[in-house]
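Chain nomenclature is as follows: A, B, C and D, assigned in order of appearance, with residue numbering initiated at 1 for each chain independently.
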Amino acid sequence: MMTGLSLERGHALAIHNLSLEFPTFSGAIKALDNVSIDVGKAEIVGIVGESGCGKSVTTMAATGLLPKGRYDITSGSVSLFGRNTLAMDDGELQDVRGKVVSTIFQEPMNALNPTIRIGKQLTDVIMRHEETSLPDARRIARDILADMLIGEPERVMNLYPFELSGGMRQRVLIAMAFSCKPGLIIADEPTTALDVTVQAVILRLIQNRARRTGTSVVFISHNVAVVSQLCDRLYVMYAGRIVEHGATRTVLEAPQHPYTQALLRCLPERVAPKQELEAIPGAVPSLLHPPAGCYFQPRCKEAVDLCRSRSPRLAGAEGQQVACWRRGVASETSGQEGRQ
Amino acid sequence: MAITRIIFPRLILLLFVVLGVAIITFTISHLIPGDPARMIAGDRASAETLENVRRNLGLDRPVVEQFTIYIGNLLQGDLGTSLRTNRPVAADIRTFLPATLELGTVALFIALCLGVPLGVLSAVYKDGPIDQIARTVSVCGISMPVFWFGLILIYVFYAHFQILPGSGRLAMGIVPPERITGFLLIDTLLQGRFDAFCSAVYHLILPGFVLAFANMGVITRQIRASMLDVLQEDYIRTARASGLRKGVIIFNYALRNALIPSITLLGLALGDLLYGAVLTETIFAWPGMGTYVVTSIQTLDFPAIMGFTIVASIGYVLINLLVDLAYMLADPQIREV
Amino acid sequence: MSAVMPTDPVAATAATRRPKPLSERLRYLWYLSRRSPLTLLGVAIILMVLVMIVAAPWIAPYNPDKVSLTSRLLPPSAAHWFGTDEVGRDLFSRVIYGARASCGAAFMIVLISTAAGVLIGCFSGVVGGRVDTAIMRLMDVVLALPALVLAMALAAALGPSLFNSMLAVAIVRIPAYVRLARGQTLSLREQVFVKAARTYGASPFYILRWHILPNAMSPIIVQATLDLGGVVLIAAALSFIGLGAQPPTAEWGALVSSGRSYMLDQWWYATFPGLAILITAMGCNLVGDGIRDMLDPRLRGR
Amino acid sequence: MNGSKWKSIGVALLLASTPLSGAIAAQDVLVLARAEDPPTADPGVEISNSGYTLIYAAYERLVAYKGASTEVGPELAESWTADDAGLVWTFKIANGHKFDDGSPVDAAAVKFSFDRLMKLKAGPSDAFPVLKEVEVVDPQTVRFHLTAPFAPFISTLAVSGAAIINPKVMAHEKDGDMAKAWLAEHSAGSGPYRIASWERNQSIVLDSNEHYAGAKPALKQVVIRIVGDVSARRLQLTNGDADIIEQIPLDQAEALQKDASVVVESNPSMYVNYIYMNNRQPPLDDPKVRQAISYAVDYQGIIDGIMLGQAKQMRGAVPSGMWGHDPQGFQYTYDIEKAKALLAESGKSNIHLTYTFSQADPAWEPVGLALQASLAEIGIKLDLQSVADTTKRELAANGKFDLAPGAWTPDFADPYMFMNYWFDADKMGGPGNRSFYSNSKVTDLVREAGSIVDEAKRKTLYVEAQKLSTEDAPYLYIMEKNDIFARRAAVKGYVYNPMLIQVYNFGTMSKTE
């Protein structure tokens, strides 16, 4: 399958047709179904979707962070700067993580070790990947903290995480992610737990630093509004599948997929005053027993018989692709029918 | 400031506990149907002799007065006189406590040395063969009747193979060293009695292991559970995402945090240790507090029973105080607020 | 996180209470046993012990109290699987009957301490104020008592009997349940449905009975199950020291105690009853662990 | 797996590391292993045989049992005389006896010891119910004044409580305790040994007393080790770590007899096992019922099956080793028919009794079980009730029982210890008459026998009292047990005296090895 978009400067991350299952007693949970995501070098790409749709699973699978032995990759490949992360052993992954790809997680409250001082946590990472002495590592840490607009970085380094506000902690985490100058940063809902006022600042920090250093960023969020301000391109996920993909502006201004459209209608800032906010009826389907055909069809107002029997696949022009029978050219994905 | 805030309520509690325990044990000992005077003077003592013994013990006075006297003496550190040995209970406790502490310390040390690594391995390799083995061993430890385990080990190692001693603190022919601390391992070394030191170590192996085994089970289970909790914390994911090495993550980032809740458990384990020590000592003829209190109970030596109970309760409160302090030192969140 | 960790469907199944076909349930049991063979082993042990308790007269080949001075201290054989004791009683039969005393005692201890602990704890939590403080201080004192020693002292005071030692062990275990029940009560008291009930003018007793007790029970039951194994050991230990069940009652701890002096020549005497204690305690602990794992949302699905 | 192979590995380990046991004790050191620490070593307080072990070794008395007999002869006293009424006894103290600090044993020391005993008024003082005063006549002469004639008086001077203590011990007095705390674990006597050290619950070391007046002991040191577990004691004996071990269950004694290097000492003792029948409790208040029960006991079955033959059936109250025993006396036998007939005669039926026992004596439980079985044959239902020993004593002392087992040993060598304690109607309950037996004829007989000095006369009185009381069957006379301990064959010179259970003549014992 083609991604349809040209990436002039080459790939930072190329996920190709990735399918992943969690085996459980009642059967396999199909968490990812043929997910393909490309991230160009120095590009900022967003993945949006409701929680549970597989955004985090995708990136965690790509960086080998999922719990061992608890999942099966049934198909697909992942290429991180040309290297196949799926084939790496623990040691190789450890070398890659932090150095080539860093992840910023949500919940900054818990993402830092509560019993270790900030400075040590930063220098541990720096000294793990860079050949530096402790004083050098501390200087690097200080500089990068300063770059994250943290006043008195020296003092902050001597503090414990619980002595910092949520926003400050998230800056520390971002600093940590950038500290070894990775080529790719995965920001997994980095601002979800923060105040709205702090959110904007944090997002700006990530964006600025990434643009300045030419770092690629994968931005994961359930909040379309947040993503729209930052990203060059956007992937919309639903129930473990990519349903729409395109340049941010295109997707936001002319959403094709009924799900994307519904998602956008939920945004308060996009709704005209006095018009009612809309909620998407129904719930995300169980991935243990997914519905036949298009996964969105049980909640889709436009669904027709075809939608209920066959899964649509991603298709469309370079600038925008959508997986929907009711939109433009769509062909059938292979072997999706009748799965229980 | 933080320290006083922890210590002060504990000291108040200590007062409560000592008073409460004194009341409870005093009440119990006066419920005892057996007549302590008869225990001392003998079965066939004449009524006159019994009366005299009762008067000497103060047992002829009203109960409230007896209690006031007891508490008054208690406050001066006087635990009364043992009915059986005619010695001050405090002196008896000083005699027997070191042996128990020595056994307990060795057992705790063994239990920690085996239990912590086992718990860590079990959590890290969850559901793997190592985990299954570790869990089986730990469940065995928790479920082991100490008294029976001791008997079996004595039978196997002492009676059958004759490779380890099965009773006492020193070999028959070895003259005990002068008593300095009461801890044989220390006293023998202070006096350069290397033969006695080796014998003491040798005699500690079986009882130490028996006592350690049960506690090891508890420790393994606790470390495993808190390691599992910690390993799924976000900060461990952060550490993994930063590419830190597995060993660093497990020992510097995870174990450290997993040990904090375990400190509380250590306090509880010390309580268990006391209970286990009483049984272990009776099996291994270990001349410690356990043997002392069991004999005291069998002979209704109630000043000794009360003294033991009070000392043990004070020990319990103090251990908890230490545990809280250790907790405070280990967790910066409590320490610095 | 939620996206990453698929949850086990057990909870969902229980919530919807959809009746499942037998084959499905068996399949689930098989799945559980593969995932946690140790828990299943525990269940098997408990079942075995239950059978011993219920069906002792039918399983035991001999009358456990039948003295036969001509067959003293016989080694294990086809006729006497665990051998005989110093007055010729069949040890296999005595071990089987011993399950009644040993496990019955453990069960009663847990029942008494749980019931008392829950009542005191809920009462303390609902009433609050000075009464609550006083009760909790008292519990601190009881907690500081060395459990075994109090049990021994009580047993010595009230006379050694299985019932007295049971009572003693139960008393020292009350504080743990009081704390648990009080904690539950305090957190439940703040729940919306309890507050709502209060605004309707429901009496504290009504709230306790219908809102707090039913909701506080499940963690308490888990704790009680977990304690059962330990209590089996303590009850046996007290009998071993001679403060619990008194001979000629067949009780495992007492059997080990009598067998102790025969260890050198008649190893079987103390060995088999002790093994029974170990296996039973193991069964309780394995099941307790299993139940905790199943109910603990943090551990579930791992 | 091959046991001997394992053993050799064990031995190799043993040699490689530290020794399992210390060096085998030297020839002049004797190691005794026993289960429990003696409570104290204070003659004025101690009432247990395990304490007597120390007291007899460390102190001398005015008189001592002669060898294996229950008769007394001179020890500190070289001679004595009594007035005709038996109220004043004068003792001449032998020269040359010295306490372990070298100071001489004189009349003042004797007076001090008895004054202390009577002032402490603890258990041992009960052996001297009529002692009025001790008078120092001159340094070598001491006179005892009694309030009433007391036939066994001279025998009582051989008991542990009558030990003569060095008056200098008062230097250790604290809070007016008559040096009770100090003497609890030290000695101040003139016996062949003195307590050199006492590690509580571990070991007691007795060193020979250089000032001892008698022959120099062959054993320079006696070590008493406290070894709680019987299996451990047994192994230590067979390994040669211990020379003497005590408290051996009968089954172990059988096994030990197979070891050629070990001698199991089994001697008839005056330790009797009997059962109190509560004479005040219906239907046991009917002598016919008590007799019926006495005929229903399978005495020989108990002795063979439970005691493995290491006992013999009692015949009357006074045991066979004591003078006053009547070898022709009446003895109940196992006769179910007679028992049934007697029970029918009594007219009582549907009898339901309780046997209240403790674990203090290992035989009590099996005896109870045997009793249960045989009483069932004559239609009496017997319940066994096991209680703590302290509870049992209390119940027995207060008469709250139907049947309860008892064990009795004499404190001094006189039938008084049995007859006057067991049958005097004034001694009901704790002091000794635990069946609450009341027969004024018997009471008169034993009181008379207790107050006259003429031994032949006393004997006839006691035999008569035994005849009457045995007919009334207040107690079930079960058995005289053997005293059993084991020693290495190399230990020589032990003399068994039935009055001195757990007491050894260390001073005249030796080891060949």
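Here is the rule we use: a contact is a pair of C-beta atoms (placed from the backbone, for glycine too) under 8 Å apart; a residue touches a chain by one contact, two chains touch by 3 or more.
Worth saying up front: this structure is predicted, and the values here are computed from it rather than measured.
Interface comparison, C-D against A-B: more C-beta pairs in contact at A-B.
Core chain by CA centroid proximity to the global CA centroid: B. A separation of 90 Å divides the Cα centre of subunit A from that of subunit D.
Each chain gets one centre point, the mean of its Cα atoms, and the points for subunit C and subunit D are 46 Å apart.
Centre-to-centre spacing of subunit A and subunit B amounts to 54 Å, using the average Cα coordinate of each chain. Taking each chain's centre as the mean of its C-alpha atoms, subunit A lies 49 Å from subunit C.
Among the residues of subunit C, those touching two or more other chains are numbered 35, 156, 159, 242, 260, 263-264. Shared contact sites, meaning residues of subunit D that touch two or more other chains, fall at 229, 231, 235, 388, 390-391.
Put simply, subunit D touches subunit B in their complex at residues 3, 6-7, 9-11, 13-14, 17-25, 31, 36-37, 39-40, 42, 45, 47, 121-123, 125-126, 129, 180-181, 184-185, 197, 199-203, 205, 223, 225-229, 231-232, 235-236, 239, 241-242, 388-391, 393-394, 397, 421, 430-432.
Partner subunit A is touched in their complex by these residues of subunit B: 127, 233-235, 237-246, 248, 252-253, 256-257, 260, 330-333, 336.
By the touch criterion stated above, subunit D contacts subunit C in their complex at residues 229-231, 234-235, 249, 251-252, 255, 301, 304-306, 359, 365-366, 369-370, 373, 384, 386-388, 390-391. On the subunit B side of its complex with subunit D, the touching residues are 32-35, 38-50, 52-53, 56, 81, 84-88, 92, 95-96, 154-155, 158-176, 179, 195, 198-199, 201-202, 282-285, 287-288, 291-292, 295, 298-300.
Subunit C meets subunit D in the complex at residues 67, 69-70, 72-73, 86-87, 156, 159-161, 242, 246-249, 260-266.
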